[in-house]
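Note that chain A is present in both complexes that follow, paired respectively with chain B and with chain C.
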Partner chain A sequence: MKKMLPESELARDERFVRTKIEDRIFDPRGPKIAQRNTGPARMGVDRPAAGERSRSLMHGIFVGEIQALEGAGRTCYDFDDDTAPFQLKLDMARQCWDESRHCEISVKLGDHMGTEIGEYTESTFLFAAACNPDPVFRLCGVNRALEGLAIDVFSSMKEFGNESGDPILEFCEDWMLADEVTHVKMGSDWLRRLTETDPDRRERALEFQRTVDAIFNLGGFRGEDDENPIQLARDFRRLAGFSDDENDSLAALARESTEQAREMAAMATAALDASAQGS
Partner chain B sequence: MTEQTEPRAPFAPWDRRELPGLFSVEESARRVGNYKWAEMRLFEVLGGWVATVPELDVKLVLGRHTYHHAWHAELWHKRLPELREMNPDRLTMPPNDEFVTFMEAVREPEAPEHTIEKLVGVYRVLIPRFIAVYTYHLNATSRITDAPTIRSLTFALQDEFEDWRDGEMLLQSLIDTDEKVDRAGRRQAALEKLYLASGGIAGAGSLGSHPAQEVGVR
Partner chain C sequence: MTRITVTPNPFTLVPYDVGEITALVEEAAALAGLPPGVDIDLTVDEELFAPLTGHMSDVVDGRVVLWISGGNFEDNRRPCHFSADQARVDLAVMMLRANDRLSDDFAAAPPDAELSRGERAAWDTYAVGRARALGIDVRRPRQLYDFRLQHGFTDVADAAFDRCWEARSITWDGIREICKETGATDRAPSKVPVDLLRQK
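Our next item is the complex of A and B:
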């Protein structure tokens, strides 16, 4: 079996439908939906279509967990013992087990919430971050950026479970949240250990992490305002080893992304209006 | 004042452990190094295969088993310095080139339509042999002097039995035509021949048929 599996070769059964992230961002229906101005996007039981949105997010979590499992598995395999230390591979193997359980939990929760595998599409950009040929970059992109995002997502979903009176959702999200804190700590630990004598490599790895963070902020998906569906979980992030400076920096990046999304929506709406007047 | 009691034997009547065992410290360390190498190659490939199998249940089981075998490798890694090998990497090695060839053949399948070939290699060939070689070690080594190895062997064996059962049940559910029965059989036979040529996970004498590696009195 070859090393370094491209995301196009991820194996799936016929239920899964794959889309590209750019297709989602540039979906021509987006501006029209944004025009409806249905109020804050934050997950809340009083929001329109809260049930539908939570099911969609649950499916997103499920496919994300599959890719996280696949990414950790590939890190066990893709590197020889000199490039990735034995203990790092042991951590990745442990993460495989954790992600495998998260897939099981997500499938069960999907059933519980009334959705099924393949009801929503899958984009594989999470796995793409796990394809970097440098293990330190992988750890930064996956364990710090993406698993950090998972902390935010699970924290938001846990709160949604609590608010909506769904103890099963709240219970499961809390357990997954505990694992994600561990995974982020693994990432921070290995970043420190592997770049101890190479500050340049460390800075480039952190830059890669910021790029991945920015991708997941796209469209204001995450932030600290009511406009953001997923809220930045500062306390859990602190527990996972993110410094206050890092959290502040991520919050600023998220505000920037939210502002950009707002501007893009305004431009698209103006274009739609102009097109309607011209026709 | 402590009440005087009848003197008791250090070993209870039902404790039949004996001295010595079949393995010297060096022989036990050599075997442990071979186990670690094989468990490492196994957990790496199980992790690598997760992304290549389309069957969701297989994907999740492989994810779980990746950790089991990594944990066994870690147990052996920690045992080596206790067996006077202060540089565990020195003994983390295959027993011979033939065993490397066997492991490469086990790890070879990649295509998503080769799930049966992947699982047969692990669950019908390699893991049953882990069960055999660990059981031999468990029965042959001294239950008193090598008790720490025995404890690790016992934990590892429990996983091996359960993982073998998981894998075998997956295979039985996937092999649903005569053609697939033949595919599985061909794959198993090819790998068993390679394994035979290697002598086993710990080389010749993996199951005790090589008297030169045995010391002490049974």
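Our next item is the complex of A and C:
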């Protein structure tokens, strides 16, 4: 079996359609919408298109769970026992079990919300973070950055379930949230153990985590304001072992990303308007 | 003779075809049983993309005035591309609601921008259920979820949903009665305007 599988070789059946993040970034409608008030991005029953936005996010979570399963599975297999201790692989195997369960729960939640597998496109940049050839970097990118994001996503979805009075959503998200806290803790523990005598490697791995965090802030996707659909879940992050300093720095990074997205949208709108006037 | 106007003409941000949309509007009007001679104005907001979806059906001075997000016509599996199947569903629902407005049964209904979210969810369910009966390929669980978001995840709400879904004739008073029954009427007014996406 091949080691270090690139994202282009992930197996999917005909229901899945893959998209590139650039397609959305270069969509001419993006800058126009960024200048408009489309209501609070934070999930709520009285925001416009609440149902459709929830379904779309739920499908995104579902494909994210598939890729998390694939990422943890690859970490079990890609490294020999000298590079990644057997105990680490056992933790990753347990994570595979959790992610498989999350896939099944997500499919059922999709049914509950009225969506179908493959109704929306799949972007595989989550799996891309799980392709790093250094297991420590991979753990930082996946278990600390991405599973940390999963804590924020599930916490936001759980709150939405609570607010909308949807017991099924609230219950399922709560259970998945508990698993994600464990996954982050596993990442933090192995980071500490594998870099005990190599502070330089630890710092470089943490830098890689910050890069992944910045990418997944996605220009305002995550933050602490109403304009961020996914809210930073400080309490659950604390339970998972993130320090207050780490949470503060992630919040600052998220604010920076939101501001950058706003500036880029303004620039893109100006460029589009100038081009329209010139033509 | 019905006059159909589609705005914008042409589309500049997405490759949607006015001729194709006009034909689908015509088809939906016939399916919904819109009386001949009623003019139809459809505005598509091409800046909006999925999942920023929504549509409105009003009658102004005897004309049917429709507004829809470009996201409703967008193929979820191929962003920026027009989906005739998706457009067919939404246009049928919009036209059935417009036809309701032309009847005495809904004469007292306020414009779409003034409906509560609960009223709108109940009326939509009534329209989507009829679209299904007319052979349009709709998805019940999707409508049920949207209904529950506004009326609650309760047995009372689900029973009300079934009535709206199966009904072939409900009046505006009937819609308001359903909202009372599920408690949607008692919910605090939405902090976000229901026509926010329509405002530029």
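Structural remarks
The rule is short, and it goes like this: the second predicted complex is superposed on the first by the 269 of 279 C-alpha atoms of A that agree within 3 Å, B and C clash if a C-alpha of one lies under 4 Å from a C-alpha of the other, contacts with A are read in each partner's own complex, and residues count from 1 in each chain.
Here is the rule we use: a contact is a pair of C-beta atoms (placed from the backbone, for glycine too) under 8 Å apart; a residue touches a chain by one contact, two chains touch by 3 or more.
All values reported here derive from a predicted model rather than from experimental measurement.
Taken together through their common chain A, the two structures put chain B and chain C side by side without a clash. In the superposition on chain A, contact of A:29 is made with chain C only, not with chain B.
Of the two partner chains placed around the shared chain by superposition, neither chain B nor chain C is touched by A:233. In the superposition on chain A, contact is made by A:66 with chain B only, not with chain C. Shared-chain residue A:1: touches chain B; no touch with chain C. Once chain A of one complex is fitted onto chain A of the other, the partner contacts of A:86 are limited to chain B, with no touch recorded for chain C.
By the touch criterion stated above, A:115 is placed in contact with chain C alone, chain B being left untouched. In the superposed model, A:181 makes contact with neither chain B nor chain C. Once you line the two complexes up on chain A, you'll see the smallest CA to CA distance from chain B to chain C is 18 Å.
No residue of chain A touches both chain B in one complex and chain C in the other. Every residue of chain C that touches chain A in the complex is listed here, in rising order: 13-14, 46-54, 69-71, 76-80, 117, 139-146, 148-150, 152-154, 190-192, 194, 196-197, 199-200. Within the complex formed with chain C, the residues of chain A that make contact are 17, 19, 23-24, 27-29, 32-33, 36-40, 44-56, 111-115, 118-121, 164-168. On chain B, the positions that touch chain A within their shared complex are 40, 43-56, 59-64, 66-67, 69-71, 73-74, 77, 107-110, 112. Of all residues in chain A, those touching chain B in their complex are 1-2, 5, 9-13, 66, 69-70, 72-78, 86, 89-90, 92-94, 96-97, 99-101, 103-104, 117, 127.
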